[in-house]
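Chain naming follows the written order as A, B, C, D and E, and within any one chain the residues start at number 1.
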C-alpha cells in the first residue's frame, strides 16, 4: 500500500478535491509511533478506482496536539475524528472528542514517548 | 321448585355465574390464543393455562411502586371492567355499558399518565388515540342497532331477534358486524392495532410501571376485557345460542389470524383506516336499512 | 414542553445497548441524540498481542459476522507478510462468508419484522436461519463463533460429502427464501409500515458515505465484492443489488434479494472445491514491520482492517472500522422527524451491530 | 408446594440485557425463543422490562458505561429475582480479560445466581440455565419470607 | 312570599350591594358587602325555588312618586347604547361605533314606529326554567363572588370590579325573569356592557382588544335580537314572550314580499342573537379572547351568566319555533350547535392554555345545548336544561380551580401543572373531580349527553338524526381526550415527591369545596330535578311513561340510574384509595431504559394538524355559511 504524506493544510485541500470528485471516505486511522501521531485518511474513489491513503504526521507535545478536522468537508468523518481524539488524546478542532469511552478512561491508545 | 325455564335462572343466576367465570373464560381464551399463535409460528407454545400461572406468579411477587395514584387507578380500571361486564351480563342499557367500558379505558389512561414515566406517558397518549378510534365506531354500531330494534335495552334486542318476530340482526346489520370485527384488534390489543402496548416501541405502554400484584390485577382486567368484547359481539346478531357461540369463536379466531398475518401499524394509519373503512361500512349498512325501511323511529 | 425519551441502552427492541435520547412532540421525533460506547471493551488495544490469537479475538468483535471479521483480519495480516493462501482455503472462506451473509440477513430481516410487531414472520426467519446455523455446525462444529480462519488459511476442510450437503442445503434454502420473499413483499401491512419511512436520499447516502445494504438501498451501488474484490470474488463476479427508493422497505428488499445472490455464489463455489488442491493453509511467515489494509463486504457493508506489524509475534496496531461504524452517522438524521413507532424500525433496518460499532 | 410457587416455576419472565459481548450469546438467547428451541414451552416470556421480569439474562462482560445501568435494572426488578450470567464473558470476563473498557465479570456488579459457561453458549445450555434459575426463585422467596419473619420477631 | 319582593331581592339587591361595596372604603368593608350580597342572593334564589312559579306585573316604581318602569328602561337602554358609542369612539373601534349606531337606529325605530300602545301585560315570569336559571346564576354566582374576594385581593380596580360583578348578577337575574321583550333587550345589552367592562378589567392592550371584540360581536347579536323583536311586534302584535304561545301570526304589509313561511323569521334573528351571546361557531373568538380577564370573570361568563343567556334564549324560543312550524330552522340550529360542539372540542385538543381549553370546551358544550334545542323534542329540551345546569356547576368549578392553580404556580399552562397533586393536593383533587365530571359517566354532563343521544335517536328526520349522532359521538370523544390528558398531567408525579406546606386561602377554597360537593349532590338529585323542575310547554307533550321511574332515568329506548352509578363510581375509587398502602421501602423510580433519568413529559398537541391557525380559517367561513343557510332555511 502506498501512502502519501501531506501536511495538515494540504490535507484540507486534498479532502476538498476528493470530495468534489465524489470520492468516499473509508475511515481515519490513528497510530502512535512513540514520538509522533500518524493520522491516515483512507479514501475510495467511486464508482471505481484504487483506494488512496494520505497521512498527516503530528509531532507530540504533551497532549496539546491539534488536528484539523475534515468533518465540514466529509460529514462521514465525524465519528472517526471523535474516536481519534478520544483514543489518542489529541484535539480535533470542532469535535467534542467523547463518544465511546467512559469518563474514567483517557486516551487508551496513546503510548508513552520512548 | 326452580326449573330451567324459570326466568330467575336466566335473569340472575346465569349472569352471576358467568360474571364469576368471565376471567376464567377470558384467561383460557388468551391461553388458547397463545397456543394457537405458537402453533402458527411453528412453535410448541405454552400450556393453555399459562395466563393463570402468570397471574398467580405475579401475586407472589414484591411490589415496586412509583406512587399511589396509579395503583388506585389500576384497581379502578379492574373494577370498572368488571362492572361493565356485569352490566352486559345483567342486560343493562347498551349505551350505558358502552360508556362504562369507555370509562375503564379512561381509568387506564389516567393510570398511565399519573406515573410520569416516558413509556407510560406515550402509551396513555396512544391509548387515548385508540379510544378516539374505536369508540365512535362502537357507538355508531350501537346506534344502528337501536335503529333496527328500537331500543338500547339488551332484552329488547334479544326478544327482537327471536325468529318468530323477524329475521336475526345479522341479516340487517352484516356490515356493522364487520365494523365490529375491524375494531376488534384494538380492543383485544392485537396486531395490527396493538399500538398502545407496542412492546417493541414503548415497552408495555400504560402498564409499564406496574409490578407484582397490580400487574396481576391489570392482567385480570384484561381477561375480563376479552370476555366482554367477545360477549358484546355475540350479543347482537343471532338468537340461537349455538350460532352465537360460533360467532364469538369466529371473532376470536379472526383476531388471532389477523394478529399473525399483519404487522403493527402506526397511530395515524390506524385512525385513517378505521375511520375510513369503519365509517364506510356503517354508512353503507345504514343506507341499506333506510332503503329497505327496516328501521324504527 | 417536549417529551424526552431515553430509547435504550436497554430497550425491548434492541438486543444490544445503544442509547438514543429522543425529544418528541406527540408521536413525532423532533430531535435525536446518539450515545454509544456501552459495548466499548477496548479491543483495538487488546489486538496488540500475538497475531495468531488475533484471529479469534477478531471473531469476538461481533458474533454475527465472525467470518467476515476473521477473514478480514487474516487477510490483513497475510498482506503484511505477503502471504498467499491456498486456493482451497479461498474457496472455503468464500463459501463461509456467503453462508454467514445468509444468516445475518435472515437475522436482520427477522429483527426488522419484529420491530414492527410482525412476530410470525420473525419466527419464520429464525426458523430458516436455524438451517444455516445447522450448516455451520456441520462444517465448522460451531453454531455462531466458528473459529476456522487462521493466518494463512483455514483449519477445517469441506470434503466432497459436505459439498453434496451444501448443494442440498442451497436447494432447501432457496425454496424457503422464496416463500419468505413472497410473504414479505406481498404483505400489505409491511409495505404500509416500511414504504416511505426513513428515506435516505441518494445524496445523503453519498455524503455520509454509508455502506452495505443501506447504501445499496439508496441507489449507491457500493459493494466491496465488486469494487475491490478479495478471496474468490475475482472469479465470481458480483453485481451489486440496488434499490432506488432509499426507505426502510428498500433496505429490507436489498437484503431479501441478496439472500438469493448468496445462495447463487455458494452454488458457484461448490464445483470449484473439486479441483482446488488439497492444502487448506499456508505456513505463515514472520511478521514484518509493514502496514496493510483490507476490506471485505460484510453483511452490513464494508468492513475495514488496518494492520501494522512489529518485528515480533505481536501486532503493533490493528484498526477495525466496521460497517455499522460507517452507517453510524446515517440514522440520526433519518430518525429526526419520524414517528416514535418508526425509530426502532429505522435503526433496525440499518442492521446496527453495536458490538462492531463500539468494539 | 403452594399454587403460587408452582406458578412461579411455570412462568419465568425474562429480561435480556446485552452489556457488551460479541452478540453471539444474544443471538442464541433469541434462538431459544424461536421455533427450534422454543423456551415458551416452559412459560418463558421475554418482557424487556425489568419491572415485569423474574429472571435477568446478562450477556457479555459488563462495560464501564453499562455498570450503572445494570445496577439500575437490577434494583427495579421485584423480588424474587434471579440473575443468570450467560456465556463465558459474563461469567468470568472471557477473552476480553485485561481490556480497559470493562469491569470484568457480572458478579462484580450484581449478585449472580446461575452461570452458563460457553463461548458462545448453546441454546440448550441457556434453557438448562433458565430451568436451574427456576428453583432458585422459590428458594429466594422462602429466604425473604424467613427474613421478614425474623425481623418481625426481633421487632 | 311575595314574588315581587323576591324578584327585587335577586335583581335590585345585588345592584344595591354593588354600589355599597363601591362606595365603602377599605377592602374589609367591601368584603363584608360582597359576602352579605352572596348570602342574600343565595337565600333569595332558594326562596324563589321554594315559592314556585308565578307571574308578576311591574308597571311602576314608587319612590315618593310613581315612575313608569317601561319609560325608565327605554331611557336606560338609550343611555346604554350611548355608553357603547362612547367606548367605540374612545377605542377608535369603528365596528363598535357602526354597530352601536345601527342598533340605536333600530331601537329608535322599534320604540317610535313599531311598539304598540302601552297595553299592560305580564312583565316578569317565574317559571321552572327561569327558577333553574336563577338558581344557577345566584348560587354559582355567589360562590364566584366569594371566591373573588380571595382572588382579587390587592387588585387596584377592585371596587369597580365588585360593582360590575354584582350588577352583572342582578342584570342576569332580571334577564331570566323578563317577559317583556323590550325589557329583555335592555337586560341583554346590560350583560354585554358588564362583560365588556369586566373583560377590560386590567386596562392593558390585550384586554382592551379582547373587550372590543367581545363588544362588537355582542352588538351584532344585539342587532339580531332587536331585529327579532321588531319583527315579532310587527308579525305577532305582542311584546310579551308568554303571549306568543297564543298569538296569531300575520304578515304585515311592509313585509309582504316575504314568503308565508317567513313568520318564523324573528326567531331566526333571535337565534342568531343567542349564537353570538353563546359564542357559537362563527362568533367563538370573543369568548376565547375574553380569557384575558381575571379568572372569576371567566368563571362568571362561562358558567352562570353571559353565555348561558344565549342558550337560555334558545330554550325559550324553541317551543315557539315548534308552534310556528320552523322545522327547518330547528335543523339548522342543530347543525350549528353540533358543528360547534365537535369542532370546538377538536380545537380544545390543540390548546395548552388551561383557560383556553376551558373556553373552547364551554363553547363546545353550549353547542351541544344549542343542538338539543334544535332537536326540539321533549327529551331534547330536558337534555338541554340538564346540560345547562350540570355544565354550569362543573365549568364554574374548573375555572375557579384554574384561578387557584394560577395563584399557586403562576401559570395557566397545563404543561406547567404537571405533578401538581404533590404540591397542592386539595385543589388538584377537586380539579380532577371537575374534569372527570365533564367526561365520565355517571356525572351530570354524561346524563345530559345520554339524554341528547337518546333524543337524537328519535330525531324526526333520520338523516339529520345521523348527523346529530355523529356530532355527539365525535364531540364527546374529543372532550374525553383533552380532559383526560389534562387530568393526567395534574396527577403525574415523580416517585416520593413531597409536598411543601400549601398556603390555604379559604375564601378561594371554600367555594371550590362547595362546588365539588355540588357536582356529587347534583348527580344524586338528578331524578328529583327531572321530576320537579322540568316543566315544558304543552306543545312537547309528555314523554310516555315519564322520564323518571323510581331512581331510574328512562327514555323510550333504555334507561339508567344516575344515583346507582354515582355510588358505584365512588365505591370504585374509594376502595383502592382506602385499601392501598404504599410502604416507603417499595418506592422505585420509573423505567427509563436503565438510565435512571427522569423523563420530561409533555407536548403532543397536534398543532400542525388541528391548531387554531389551521382549523379556524376553514371553520369560521363554514360557520358564517351555516348562518346564511339558517336564514335561507327560514325564507325558502
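Keep in mind that, in the parts below, a residue touches a chain if its C-beta (ideal position, glycine included) is under 8 Å from a C-beta of that chain, and two chains touch if they have at least 3 such contacts.
Keep in mind the model is a prediction, meaning the values are calculated, not measured.
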item	value
Steps needed, at fewest, to go from chain A to chain D via touching chains	1
Chain C and chain B - chains in contact with each	D, E
Chain occupying the most central position, where position means C-alpha average	B
Identity of the chain that, by mean CA position, is farthest from chain A	E
Most widely separated chain from chain C, with each centre as the mean of CA atoms	E
Most extensive contact between chains (C-beta pair count)	B-E
Centroid distance [mean C-alpha coordinates] between chain B and chain A, Å	60
Inter-centroid spacing, chain C versus chain A (mean Cα positions, whole Å)	25
Inter-centroid spacing, chain E versus chain A (mean Cα positions, whole Å)	71
Multi-partner residues of chain C (each touching 2 or more other chains)	3-6, 9-13, 24, 26-27, 37, 40, 42, 45, 123, 127, 358
Touching two or more other chains - residues of chain A	101-102, 105, 108
Sites on chain D at which at least two other chains make contact	34-35, 47-51, 63, 65, 69, 73, 76, 100-101
Chains touching one another, given as label pairs in label order	A-C, A-D, B-C, B-D, B-E, C-D, C-E, D-E
Residues of chain B that touch chain D when the two form their complex	34, 38, 41-47, 50, 52-57, 59-64, 199, 203-204, 208-212, 215
Residues on chain A engaged by chain D in the complex (per definition of touch)	101-102, 104-105, 108
Touching residues (chain side chain D, partner chain C) in the complex	15-28, 30-31, 34-36, 46-50, 60-61, 63, 65-66, 69, 73, 95-96, 98-102, 119-120, 122
Residue ranges of chain E in contact with chain D within the complex	588-589, 591, 594-596
List of chain C residues in touch with chain A within their complex	36-37, 40, 42, 44-45, 206-210, 221-222, 227-228, 291-293, 295, 302, 304, 306, 308, 316-317, 319, 321, 325-326, 328-329, 358
